[in-house]
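Below, chain A partners chain B and then partners chain C, in two separate complexes.
Presenting the complex of A and B:
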């Protein structure tokens, strides 16, 4: 048998019901699905029957990476976690969460491409994976502990280099809105309670092995440096957000915030980020500071440095130091996170004493991170906090809670924007203490059901950003028109796809974007300015298809879809072109299995179509168009009454969106009437067996 | 005596220096295969019995990699560049720059907790780097096969894989624990400064590593371990000849 590089070679299976583990050969069994979500969907399809519930012992949870994890390919630090999603409503379906940090690489160095957790332990345990030594250990002394203490305790046993993915009390208590977290701040939302249901507190991994590059090492070095040369800042924003001496363009909205005069102020001594000239590959880490991007210039003085995942030069997890919070709230002065993790506490509140830009919002972020990242509470991309605001200010909370419980919260503190309110709320969510905490912990879908609020009401509210099935939009029509809308139809939670938005928000002027779009998706009409949309066009459907395929490809190869793809670059001499073949080049040299862009995209399509098949099988209907690919009402409305396709509105047109679906289904070879893949589409994806199984269940169109 | 040296070198392989050096006076140097060794007359009786090898004094390295912990962002691209571009595999435990072990808790380890360094502490990530030691070169002294030699063009101390038998004595000898072991080849390996263009320096996205003219950091950087067990009693005795107070 051919020996490939890239893959570690083994998939580890641990049955917690028996305490036994075994391995299988990755390449033999899963090469056609690469890794990551590919392995996850395949295991779910083959082994977890329709009708299984998320917390059943029969559900499995798959931690999987691909051939690029642990290598020097830039941005390879994320691991995909696939399971039945407890917050997916009205019926839990397959979905994935993704952790950055150092777990992905460490798993590879330990010799595994995936860990499949099966069954349920009869008492709390944790899993120790130290190279070839796999042990299910008694975890009773860790049960009830926060993620931080759990991690420290396991590190004391396994050594300081071990990477620990743990759940907090929220996951233990089967709170659906819970996460699993490694390396302090790198979480995968939604999967915590599935681990909790298996009595699995944590997985500690220590690997001393290696990932072999299958191809020529000099070629690999050249390729890695080429990839680095095309990188922008976080989300592959390729234009700085302030004028720089080298830059032809600048755009105030980008995440390329490094600049002369801006410094990591809490480093000792402070470090100026400088002009971050794009050809200087030794300054890539200074381009991004997500604390400053989200919280404004005030965050620079608290910035210690950038942090992030293994092998990623883009440090999107900003580490901040705020001594004031130690004395004020009794929490660590150090904090770190990115995006919604960073904003976890802040977005609960509508107002702060000194306004939204005051220092209090930063303190609120510190308190939020301190609590949520230890208790293991998931925010559902901010839906938890948006729901909370709406429920409070519209009187739902007062109406649903008994007087005693209502009065047990300091609502005056909440209204004033006092972060100490979070000490009252968050531990109760993790402990399922009281009606409010229980309801919030369910996730939006089941919360609405419990409190007899119609989903349609939630779907009407623009600011709420709720999309469907218990989850919010994630870069939908508000940023990427029809393409964003289509992507938000496809998944069973928020889609977590950045292929499209990373391009739209990269900071390049529209005319440059259109030129690149014509090369990539066949026509300049593929892209519009945000809020100046034009009617549906086949190139938009191509862009949408490309976006989801790249997402699945990244999630399976282990590249970060929060960073890639890299089809635009900061390089003027390239006309700002990136390279759409990076993924296939990296795959080919890392594994030694040569596939070109189209061939690898076909593998990505197989993975994506398998996700669709799982959704159809587990929903028990092929009527995806009517029952799954749903759009909330707010997408079709404009608060000031502007018509679709007029400047200044992101409003979609109903008929146009139906055209968009037609074109998108056509691109994939799916049936227009049902939105389900045809038997032919499955066969073309190399999954004739899936078609046969669905046909047996009468779930094939036509 | 000079002729004696010449005569003996001709009959001595690089790994069989002991006999040759035994004939040289205390101040005479002999260069064989990139190695400089000094024999000491005081060791005459021991050497005559062939019981020990002489202490090894090497030409000074020309360069050294210096790390700035305040700038390290903990991405470990240095470890990956070191091993992928030199060895064709991503293998942090094999890397000759060592960041991972300090990444989470700092050099004091997990029990330092949040009062320590690293991602769990104050954020500082110390990059452990080879000092390219002047005499004594602990790893070279400890090697029973004289497999640690000076290599051109920048005179880094490197492991000669042909001579290395994988005994790991050098791993125990380095006070900074900078020698790595390649599990696949069964041999030790250490920083060779990549011939003067260190891959780690090139790979750092935060400019936290610098390649500079060699300077002696052996008395400035705290050691990680007490390397007592690695040196034979005879060699220890020999050391005391020069280093006695």
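Presenting the complex of A and C:
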């Protein structure tokens, strides 16, 4: 049998009901699904029957990486966590969360491509995976502890190089809005309570092995350097956000914020990021400072450095130091995070005493970040905070809570933007203490149901950004028109897809983007300027298909879809082209299994189609177009009444969106009427058995 | 308004723009991994001076090159003006990376494309002139090319380095001048001021884009 590189070779299965573990050969069973979400969906399809609930012992939770995790490939730090999603409403369906950090690589070094957690322990436990030694350990002394202390306690046992993925009290208490976290700040939202339902507090991994490169080692080294040369800043923004001597273009919206005069002010001594000229690969890490990007220029003075995942030079988790918060709030003066992790506390509030640029908002970020990351609370891409604001300011909270509970919160602090309010709210969410905390912890879909608020009301409010099934939009029509809309239809939570938006926001002028788009998706019409959308075009459907396939590919290979794909670059001499074949080149050399771009994309399509099959099976209907691929009303509205396709509106046109669905389904070979893959589509994806099973359930179109 | 009184090529401008710049023959804080002295064409002291200036993010004028070649001795450069001009013309023909730009007042400046883009050189050249024209040209260009409005506070950052007061006063002055009648302003929900050109952006579209740049993007991480 051919021996491949890349994969560690084993999938670890741990049955918490019996305490026993066993292994399977990864390549034998899962090579056709690569790893990551591919393995996750395959396990869910084969082993978790329709009708299983997220917290049932019969549900499984799969931590899976791909053949590129733990190699030298840039941006290889992500692990996919697949399970039945407890916040998916009205019925939990399969979904995935993704952690960066160092868990993915360490798992490979320990000898595994995946851990499949089955059953339920009869008391709290944690799982120790140290190279080939797997132990289910008593976790009762850790139950009730925060993620920070749990991580420290397990690290004391396994050693400082171990990586610990732990849940906090929120996950233990089966709060659906809970996460699992490793490496201080790298979390996968939504999966915490599934671990809690299994009495699994944490997984510690320690590996001393390595990942074998199956192909030519020199070629691998060259390929890694080539990949590095195409990197931009975070989200693959390829132009700086202010003029720099080397740059032909700049855009104030990009995350390439490093430049002369901007320094990590809390480093000792301060370190100037300098001119991050793109050919200087040793300065890639200076380009991104997400604290400054999200929190404003004031964050530079608190920045210590960038931090991030294994194998990634981007360092998007900015480390900040704010001594004042230690004495004021009793939290660590150090913190690190990115995106919604940084904003977690801030976005609860409408205003702050000294305005948005005041110091209080930085303090609020520190407080929110520390509390959420220790209690293990998930924000659902900010939906928790948006819901909270709307519920409070529109009187729902006062109406639904008893007087005693309502008065137990310091609403005056909340309205003033006092961060200490978060000490009242967040621990109660984690502990399910009181009606408000219980409702917020359910996630939007079940919260609305509990409080008898119609989902349609939420779907009308543009500012809420609520999309469907309990989850918000994630880069939809507001910035990528029909392509973004289509991507947001496909998943059972927010899609977490960045393939499309990384291109749209890369900072290049529109005409350069259109030129690249024509090369990648066949026509310049694939992309529009933000807010200047044009009617649906087949190239937009191709871009949408490409986007979701690359997302699944990244999630299965263990590349970061928050960074890739890399089809644009900062290199003028390349006409700002990236390389659409990077993934297949990395896969081929790492594993020794030579696949070209189209061949690897077909594997990605298999994974994506299997996700669709799981959704159809578990929903018990093939009517995806009518019952799953739904768009909120706000997407078809404009506050000032602008018509679709006029400049200055993100309003979509109903008929045009139906055309978009037709074109998208056509691209995938799916049935237009139902939006379900046909038997032929399953067979082409190499999943004839899936078609047979769905046919048996009368879930095939036609 | 002291900045506006500066003339192109004056020592004041050089000092102001060159916060990191330690002198034309001094050491650079940063290198690109290629020796700043080397480039396409023959090794030449004048070429090296231009390349070093570009590495530091500066255009360098012919007069400044003369002074640097003379070792910075006051008055020494005057005797060599014709020689230097000839030498620069030769270099421009021999070194692919060396470029010349000419200001409205006829003064020639130089840069190396090894470390400076044409766009940035043009920006530096514009900065040497009328600030109102500088702002207008950048606003028009951005409105047309990307397309996007330009936050007024951008001009307070390098390489513009105007004070906010200077920028606001300049923008206010532009409103009354016919040649800038296409330059309009829009404020976002955070009261941040953006400028755009009506030649390329409709008012409602410019407002939407400004709001997106200022608020929308970071609210959609």
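Everything below uses one rule, namely that the second predicted complex is superposed on the first by the 702 of 702 C-alpha atoms of A that agree within 3 Å, B and C clash if a C-alpha of one lies under 4 Å from a C-alpha of the other, contacts with A are read in each partner's own complex, and residues count from 1 in each chain.
As a convention for this text, a contact is a pair of C-beta atoms (placed from the backbone, for glycine too) under 8 Å apart; a residue touches a chain by one contact, two chains touch by 3 or more.
Model, not experiment: these values are computed from the prediction.
Peer 1: Once chain A from each complex is brought into register, does chain C clash with chain B or fit beside it?
Peer 2: These partners fit in the superposed model.
Peer 1: Given the touch rule stated above, what does A:351 touch, chain B (first), chain C (second), both, or neither?
Peer 2: neither
Peer 1: Have a look at where A:294 lands relative to chain B and chain C in the superposition and call it first, second, both or neither.
Peer 2: A:294 contacts chain C only, not chain B.
Peer 1: Identify the partner contact of A:279: answer first if only chain B is touched, second if only chain C is, both if each is, neither if none is.
Peer 2: The answer is second: A:279 touches chain C but not chain B.
Peer 1: At the CA centre of chain A, how far apart in angle are the CA centres of chain B and chain C, to the nearest 10 degrees?
Peer 2: About 80 degrees between chain B and chain C, seen from chain A.
Peer 1: Who does A:17 touch here: chain B (first), chain C (second), both, or neither?
Peer 2: Touch status of A:17: no partner.
Peer 1: State whether A:210 touches chain B only (first), chain C only (second), both chains, or neither.
Peer 2: first
Peer 1: According to the stated criteria, A:3 is in contact with first (chain B), second (chain C), both, or neither; which is it?
Peer 2: The answer is neither, since A:3 touches no partner chain.
Peer 1: I'd like to know which partner A:454 touches here: chain B for first, chain C for second, both or neither.
Peer 2: neither
Peer 1: After the superposition, pull out the minimum Cα separation from chain B to chain C in whole angstrom, please.
Peer 2: Minimum over all C-alpha pairs of chain B and chain C: 11 Å.
Peer 1: Across the two complexes, find the residues of chain A that touch chain B and also touch chain C.
Peer 2: None.
Peer 1: Help me check something: in the complex, which residues belonging to chain B touch chain A?
Peer 2: The touching residues are 70-77, 80-81, 83-94, 100-101, 103-105, 109-111, 113-114, 119-123, 183-184, 202-207.
Peer 1: In the complex of these two chains, what residues of chain C are touching chain A?
Peer 2: 19-20, 29-30, 32-33, 54-55, 57, 115-120, 123, 145-148, 150-151, 154, 157-159, 190, 202, 204-205, 207-209, 212-213, 216-221
Peer 1: Any idea which chain A residues touch chain B in the complex?
Peer 2: Against chain B, the touching part of chain A is residues 70-72, 102, 105, 108-109, 152, 155-156, 159-161, 183-184, 208-213, 217, 220-221, 224, 228, 267-269, 271, 281-286, 304-313, 315, 319, 321, 332, 334, 336.
Peer 1: Show which residues of chain A lie in contact with chain C when the two form their complex.
Peer 2: Spelled out, the residues of chain A in touch with chain C are 242-249, 251-253, 259-261, 274-275, 277, 279-280, 293-294, 339-340, 343, 356, 382, 465, 475, 478-479, 505, 509-511, 529-532, 572, 640, 642, 647-649.
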